[in-house]
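As written, the chain order gives the labels A, B, C, D and E, with residue 1 at the start of each chain.
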Amino acid sequence: QAPTEISFFYPVAVGGPITKYIDGLAADFMKANPGIKVNPIYAGTYQETIVKALTAHKSGTPPVTSVLLSTDMFTLIDEDAIVPIDNFVKTADDKAWLGSFYKAFMMNSQTGGKTWGVPFQRSTVVMYWNKEAFKEAGLDPNRPPQTWAELKDYATKLTKKDASGKVTQWGVQIPSSGFPYWLFQILTTTNDAILANDAGNAVKFDDPKVVEALQYWVDLGKAGIHPPGVVEWGTTPKDFFEKKSAIIFTTTGNLTNVKNNAKFDFGVAMIPGNKRKGSPTGGGNFYVFKKATPAQQEAAFRFIKWITHPERAALWSMETGYVAVSEAAYGTDALRKYGRDFPQALVARDQLPFSVAEFSTHDNQRVTKALNDGLQAALTGTKSPAQAMKDAQAEADRLLRSYK
Amino acid sequence: MSSIQLAGIAKAWGTSRALEAIDLQVDAGTFCVLLGPSGCGKSTTLRIIAGLETASAGQVLIDGRDVTNLPPAQRGVAMVFQNYALFPHLNVRDNIGFGLSVRKVEKGEADKRIAHAAELLGLAALLDRKPSQLSGGQQQRVALARALVAQARVCLMDEPLSNLDAQLRQQMRTELRELQQRLGLTVVYVTHDQAEAMSMADQVVLLNKGRIEQAAQPRALYAAPGTTFAASFIGTPAMNLLQLDGGRIAGSDVVASPRAAWLGLRPEAVGLGGDVPATVRSTEYLGADLILHCDVGTQSITVRSSGEAQVAAGERVRLGWADDAMHWFDAEGRRLPA
Amino acid sequence: MTRIYAWLLLLPALVLLAAFTHWPAVSTVIDSFFSAPKGARKAVWVGLDNYRGMVEDPVFWKAVVNNLWFAGATIPLSIGLALAMALWVNERIAGRTFLRMAYFTPTVLPMIAVANIWLFFYTPQYGLLEQFTSLLGLPPHNWLGDQRTALACITVVAIWKEAGFFMIFYLAALQTLNPSLREAAAIEGASRWYFFRRVQWPLLMPTTLFVLVNAVINGFRMVDHVFILTRGGPDNASVLLLYHLYEVGFKFWDTAYASAITVVLVGVLASVSLFQVFVLDKRVHYK
Amino acid sequence: MNATQRLAYNEPTWLDTLAAWVLAIAWILPLLYATWTAFHPGEYSTKFSLFAPLTLDNFRRAWEAAPFARYFLNTTLLVLMILAVQLVLGTLAAYAFARFEFRGKQVAFALVLVQLMIMPDILLVENYKTMSRLGLVDTLFAIGLPYFASAFCIFLLRQTFLSIPKELDEAARVEGASAMQVLWRIYVPLAKPVYIAFALVSVSYHWNNFLWPLIVTNSVNARPLTVGLQVFSSVDQGVDWSVITAATLMTSAPLLIAFLLFQRQFVQSFMRAGIK
Amino acid sequence: MSSIQLAGIAKAWGTSRALEAIDLQVDAGTFCVLLGPSGCGKSTTLRIIAGLETASAGQVLIDGRDVTNLPPAQRGVAMVFQNYALFPHLNVRDNIGFGLSVRKVEKGEADKRIAHAAELLGLAALLDRKPSQLSGGQQQRVALARALVAQARVCLMDEPLSNLDAQLRQQMRTELRELQQRLGLTVVYVTHDQAEAMSMADQVVLLNKGRIEQAAQPRALYAAPGTTFAASFIGTPAMNLLQLDGGRIAGSDVVASPRAAWLGLRPEAVGLGGDVPATVRSTEYLGADLILHCDVGTQSITVRSSGEAQVAAGERVRLGWADDAMHWFDAEGRRLPA
C-alpha cells in the first residue's frame, strides 16, 4: 500500500538552521511510521506562510497541515479552511495528550468549545535587563523592576546622556513596529484589561484601563527614557547588545540570541506588573486543513501528536529558544539540565500561569491593523492615547459587526 | 545571360504615381543603365524587376518567362544595393557565400565558387575580414562577388558606386564594365550620374517623372538628345540651352534659327575666337580644362576651353561654333530636325 | 499568406500573454464587482460596493497620497541622478569604470536582502546615518519610526535602486549622439550647461520618455523594501498602493476589494503608458 | 600635456569629479557595508575598526541556514530557462511586428504593451489559480511561465529590428533566404548587443524576483535563492546583519562577479543596442 | 578677414604620428584647400586650427596672435563639419542663430543677421523647417549660414560637400567660392577630391602622410607637380607616369630622357597621330571626351581624346605629345628641371 503523503507548511521566525531540524524531525517520524510520508515545506515568514496556505486553499490544493500563527485561528475558521483537532481525539491517550498543554497556550487554540490548533512553536514576551548598566546606575543588578512605577523609576536612572544632552543609553525600550499590539498587551494585561473576548467578535480598545496602559507607554517616551517614535522590532536586540537600551521587552525566542551576543551579564524576568502580573503568549500552532482526505488528516494528527511529544518538545525548545508547550516537556531530563545551567530559560515557563491569549479576533488582520495604527499614532504623537483608542475601537466595531 | 522585358509596368503608392506604363527591352548580355534625377522612379523600376516591389500593373518577363508574381529568390536575379547591404556580422567569405549556404549548395562546390569570385575581384586576401574593416571599394567588390557567385542570369545594381569617392568610382566603373563583358552578364544599373551612365552603358534609359524620356545608346543620346531634358541632363558641364527670341539669341543680335525656341550648344563645341561677342562672368580651373561662364545677351553660355588658356572673369571674348554643333528644340522642348 | 505567417509568429507570445496577463486582468475586473468569497459563503454580485468601500477607506486615500509623493519624488530624482551619472561617466572622468560599476550595483542586488542593510543605515543611534549626522552635530532622529520621515526614507531607497538602471539607458543614448554636435557648440562658445540645456537634453527626450514611463510604473510597483523597512507604518505614514493592495488581498483576504484596487492601479498605469506610446512618442521624434 | 593645454570644451571639472565620486561612494555603500559586515564577527556589524578580526563564520552560518546549493542550482536553471524562452518568443513576435504588414498589427502590439504595466506581480491570485489548474504548482516551470512572454523583450527587439536596414533583409531575400532564414541569419546576429543587454536586465530581475516564486513553490526542489534569503529577514530574533550580509553577498555574488567581469561588454551592449 | 599661420605643428596620438612639423601660411581673404588622401592628416590640421585638438608641438597664429592654447570659442573661427553637425531638434533659424544666442547677441541684431545670412544662401523660405526636412544641399547651406552669422574672421570647412551628389556638389562649389570672395573670408577647406581643390583654391596644400608635399596655386601645381605623388594625385584622368628603363619607356623603343626615372604625361597632352605606336586596351566614352587606355611597351598611357573620335579596344594607334608636355622625375619621385 502506498504511504499516505502529507504536506506540511511551516514558517521560520528564528535564526539558525531551522529547516534542517524540521527535516530531521520529519525523517525520524517517517522512520517510526513507515506508512506516512511527511513532506515539510518551508514557506517563509509567518505572513508568507499563511498567504501561501490560504492561496493554496482557495485554489483547492492546500497543505494537509501547517504551522501558522495562533492568531490566525479565526481567519482560518472564517475561510472554512481547517477542521477541529477534536475530530481526531479518540482514545484516552489522545485526550491526555491534548490536556497536557499549558492552559495559556490553549486559550488561542480554542473557541466555541472546540480545539482548532495544537501549540507548537510558542513564545511569550519577557523582560531582558543589562546587569552592568544596573550596577553603573547604582541599582541592584539582581533585582529587576517589579512594577510599572519601578520600571519607570529604574528607567529614569538608567538613561544616560552625553555632554550635548543626547541620549546614549535609553532606560527602557518596547518595540512598536510590525506587531505593536503584541507588545502593547504586556501593558494592558498587567493593567488587568483583556482586549478581545473569547468568541473573537468584540474588542475593548476604549476601555479606560487600555487607554491608561497606552498613556503609560507614551509617557515613557515623553519622559525621555524610552526612544521616541516607533521602535523597530528587528533592531531591538541589537540595541540591547550595543548598550543603547538597558531594559528591553521582547520574545523569549530571543533568549539564545541574547545569550550568544550580549557581551555583558544580563537578566531575564517576568513583565513588571501593575494591577496584576501577566504577558501575552505568541507564536504558532499546528492546524489541519479541511480539504485534505480523511486519511491524510489522520496521518497529520499522528505527526502532530508525535512531534509535540515531551521529548521532542524539549529538544525543539532548546534548539530554537521557543517555550516548551507542556509541563511534561519541562520534566524531561534534557530540559531540566538545560534549566539548571541556564535558569533564564525558565522564566517564560514561570510566567505562563499569568499569561493571556495573544490578541485575536475575526477578520483578525484588519482589526489588528486598526489597533496597530492607533498605537503608532499615539506613539508618534499624532493622536492622544484616548483619541487613538477611540478611533481604533470604532473601526474594530465596524469590522466585527457581521460576526456578532 | 538573359533578356529582360517590361511591359506596361506601372506603380502607384496610394494616389502618388511613381511609374506610368514603362515598356523596356534589355537584351541578353547587355549593360542597361537607368538614369534620371532623384525621385524619377529608377529604384522602383529596378525593385520591380527584382521582385522586391510588386507592380500595380504590367508584366515583367525574364527570358520570356513571366515572373511578375514570383518572389525574388525564384527570379534568378542577383542584386547589388546602393550601400552594398553587406551583412556586418559575417566576414567576407560568408557574405559572398550567403546565398550558396541558404540554397544549401554543397560545401566543396560553394568554396570553389567563392574562391573563384574572390579571385576575380581581387578579394582573395580579404576573405576573413569583416565588412567594417574594408574600404568602400573593397566593400563594393564584396557586394559584387556576392551577386556573382549566385551565377544569376541577371544582375541588378542600384547606384552601387555612389558612396565611393571620385577616384575609386572611376576605377570601379572600368572594372565593373570589364567584368560584365567578360562574364556576359545582363546588367540593369541605376545611377543618377550621367557620366557613369555614358561610360558604362550599352543602352541608357533616361527616366523623368516615372516615364521613359529617351532610351538609346550613349553616343546617340549625346549626339541627338530627344528633348531639352535629355540635352541638359547629359554631359558635363551641361549643354547650353539658349532661349531664342525672334530667331535671335535672346537679348542679343546673334542670329539663330527662326523655327526653334531653344538652341542647344555643348560647352566643348564652343570655341574661343569666333564672331559671337561675349563677356566672361566667371571661370573655373580644372587643370586640364578651364570652364568659362560667359554672357551672350541675356543668355549664359558655358565654354570648355583648355586648362592652359588664360582668361579672367570680366574679360570680353568672342565665341564660335560649328553649324553641326547646333541642336534645335521647340517650345515644348522636343528636338527639331536640323 | 504573409498574414497567417505573421500571426503564427505572434501566436506563442500572445497565447502566453493572454493566459497570464489579459485573462487574469479581465477576471480581476469581474471579481471587483463581486463580494469576496469567504469559507462557505460564495461570491455574490455587489455592483460598485467595492469601489464605494474604496472611496470611504482612509488608508486607501492615505496610500494614494503617499504614492503620489513617493512617485513624485522618485521619478524626477532618479531620472535627474541617472542623467547626471550618465553625463559624468560619458566623459573622460577620473575612475570612469569604477563609477559606472558603482552606479549600476544597486540594480544587481536583491531588494529583499538589501533592504535589511538600509535598515541598518536608518537605525537610530548607531545606524550609519546617525553616526554620520552626529559627526555633523545634528540631533538624533528616529528615521523610520517618525511619521514625517518614514516615507522619505523608503523613497531614498527606491531612488538608490533605480538611478543606476536608468543611467545605462541615458549612457547608451548619449553615446549615439553625434560628437561633432558638441564640437560645433564648442566653436560657438557654448558652455557645458548651455550645451546640455539646448542640445543634449532635447536630444535625449525620447530616452527620457522611455525612462519616464519605466519610472512611473516602478513608482507604483516598487514595494519590496516597504515590507522590511516600515511595513507601511508608522500609522500608515509610508503605506503605498501596491502594499495596501497586498495587505488587503493577502492579509485581510478581501480579494474582491483587492481586485477593485488592482483595477484602479492598472487603469492608472495603462493610461500613462498608452499616453506615451500613442501621443508623446509622436511628438518627440526628430528623425 | 600640461593643464593649460587641455581644451576645456568637454572636460569635466574637478567639481564634477568630486560630486561623481561622492555619489558613487554613496551608491556603493550598501555593498561596502555588506562586505565589511559579512567578513567580520557580529559585534563589528555596527562598529568599524581597522583591527577587526576577519572571519568566514557568517558565510558558514548563512550557508547552513538553508540548502543554498540547491537554491543556486534552481535559480540558475530558472533564469536560464526564462531568458531562453523570452528570447525565442520575443524574437518571433518582434520579427512579426517589425517586418510584416497585417491587419490588427496595431491592436496586437497594444495588447503586448499592456504587459509593461500589468506586471504578473499584481495578478498573483489569478495566476496561482491557473497554475494549480494546470497542475504546475511547485515547479520551476511555473515560476517562469507568466514571464515567458515579455513585453519588454518584444518591444526592445522590435525597435532593434526596425532599425536594421531594410536592404539587408532584401539582399538576403534576393539571395534566396526564406523569412525564417532571414530572421535567424540576419536579424538575430545583428541584434546581439540588444540580446545581451536584455539578458542582463532579465537575469538580474529574475535572479532577484521574490514574491511570485515564494507563492508558487513549495519544495526545496523548486525554490530559488531569494526565497532562501528570506530566512534571514524579519525573524523574531531581530536582524542579524552579519548573516544577512553574508547571505546577500553569497547570493548576489554570481551576478556581481559576472557584471564586474563583463561590465565593459555589458555597457557597450547597451550602447550599441542604442536602447532609447 | 585674418591670416593664419602654422609653425612647426606636429601631432601624435601615443606613438602614432599624424602630423610632423607642418609650416603653413594662409593669407587673409584667401581660399586655402588642404588636399590629400585619406588619413594624411587634413582633418587633424584643421581641428588644430579650430582648437578642437591640441598640437603636440608648434604654434597656431591667427592674425599674428598666438592662439595655440585658447579654447575654440576664443579663436574667432567658424567651422562647417563634414556631416554638417546641425542640431536635429532645432529649426533652421535656431540652428543658424545658435552661436548668437550663446553669445547673447541682442535679439533684433541676431534676427537681422540670421535673415541676412538666410537671404544670402537662399534659405529664407526654409527657416522654420527642421534639418531632417531639408535636402543635403540645403543642410549644407544651413551649416554654412551658421558659420557665417558668427562673422568670424576665419572659416574652416572639413569636406563640407562630400555627402552631396555630383551635380549638387558642382553647384555648391561655385556658390561657396563666390561667397568667400564676396565676403572676403579666409577659408581653410579640407577635401580629398582634387577637382574640388583645383576649382576652388587660391592655394592648394597637398598633404601626404602628415607632411606637406607641395603648397602652391592650382595652376602651378598642375603645371609643375613637385613630386610623382603630386603629379598622380592631381588631374583626372591622372597624369601618366611611365617608368623609364635605360632612357627608354620601359618595354618599348621609345626614347626619352636618360637622366630621369619617370616620364610624366598628362592625358590631355597626348594626342592621336604621333609617332609612338600603342595598342588601345579599353575605351571609356564620356560624351564630350573619349578616354583611351593604351599600352606602350610595358607601360600604360591614358589618353583623353574628343568624344567624337571612333576608336575601339584592340585597335593600334600612334600617339604623340609636345616636348614641353613632358615632366621628369628622379627615382625618388622628385621633379627634375626640364
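Here, contacts are C-beta pairs under 8 Å (C-beta built on N, C-alpha and C of every residue); 3 or more make two chains touch, one makes a residue touch a chain.
Here the structure is a predicted model, which is why all the values come from computation and not from measurement.
Undergrad: Return the chains shared as contacts by chain A and chain B, ordered by label.
TA: D
Undergrad: Among the chains in this structure, which pair is joined by the largest number of C-beta pairs in contact?
TA: Highest contact count among chain pairs: C-D.
Undergrad: Name the chain with the Cα centroid closest to the overall protein Cα centroid.
TA: That would be D.
Undergrad: Between chain B and chain E, how many degrees of rotation does a Cα superposition need? Round to steps of 5.
TA: Rotating chain B by 180 degrees superposes it on chain E.
Undergrad: Farthest chain from chain E, going by the mean of C-alpha atoms per chain?
TA: A
Undergrad: Calculate how many whole Å lie between the centre of chain A and the centre of chain C, each centre taken as the average of the chain's C-alpha atoms.
TA: The computed centroid separation for chain A versus chain C comes out at 36 Å.
Undergrad: Quick one: chain C and chain D, Cα centre-to-centre, how many Å?
TA: It comes to 16 Å between the two C-alpha centres.
Undergrad: Indicate the whole-number Å distance between the mean C-alpha point of chain A and the mean C-alpha point of chain D.
TA: Those two chain centres are 38 Å apart.
Undergrad: Which whole number of Å gives the spacing of the CA centres of chain A and chain E?
TA: Whole-Å distance between the two chain centres: 89.
Undergrad: Could you pull out the residues of chain E that touch at least 2 other chains?
TA: Those would be 51-52, 71-73.
Undergrad: What are the residues of chain C that contact at least two other chains?
TA: Residue numbers touching two or more other chains: 116, 119-120, 126, 183, 186, 250, 255.
Undergrad: Please list all residues of chain D that touch 2 or more other chains.
TA: Residues 9, 46, 124-125, 230, 232-234, 239, 241.
Undergrad: Give every residue of chain A touching chain D within the complex, in rising order.
TA: Of all residues in chain A, those touching chain D are 7, 9, 12-20, 39, 41-45, 48, 51-52, 55-56, 58-61, 63, 123, 178, 233-238, 241-242, 250-251, 253-254, 256-257, 261, 263, 321.
Undergrad: Which positions of chain C touch chain E when the two form their complex?
TA: Against chain E, chain C makes touches at 178, 180-181, 183-191, 194, 198-199, 202-203, 205, 286-287.
Undergrad: Within their complex, state which residues of chain B touch chain E.
TA: Contact set of chain B toward chain E: 38, 162, 165-167, 170, 173-174, 178, 192-195, 198-199, 218-219, 222, 234-236, 266-268, 282, 284-289, 304, 306-307.
Undergrad: Considering the complex alone, what residue numbers of chain C touch chain D?
TA: Within the complex, chain C touches chain D at residues 2-3, 5-7, 9-10, 12-17, 19-25, 27-28, 81, 84-85, 88-89, 91-95, 97-121, 126-128, 160, 163-164, 168-169, 171-173, 175-176, 182-183, 186, 192, 206-207, 210, 213, 217, 221, 224, 227-228, 242, 245, 249-250, 255, 258, 262, 265-266, 269-270, 272-274, 277.
Undergrad: Residues of chain C touching chain A in their complex?
TA: Its residues touching chain A are 37-40, 116, 119-120, 123-126, 134, 137, 139-140, 142, 144-147, 230-231, 233-237, 247, 250-255.
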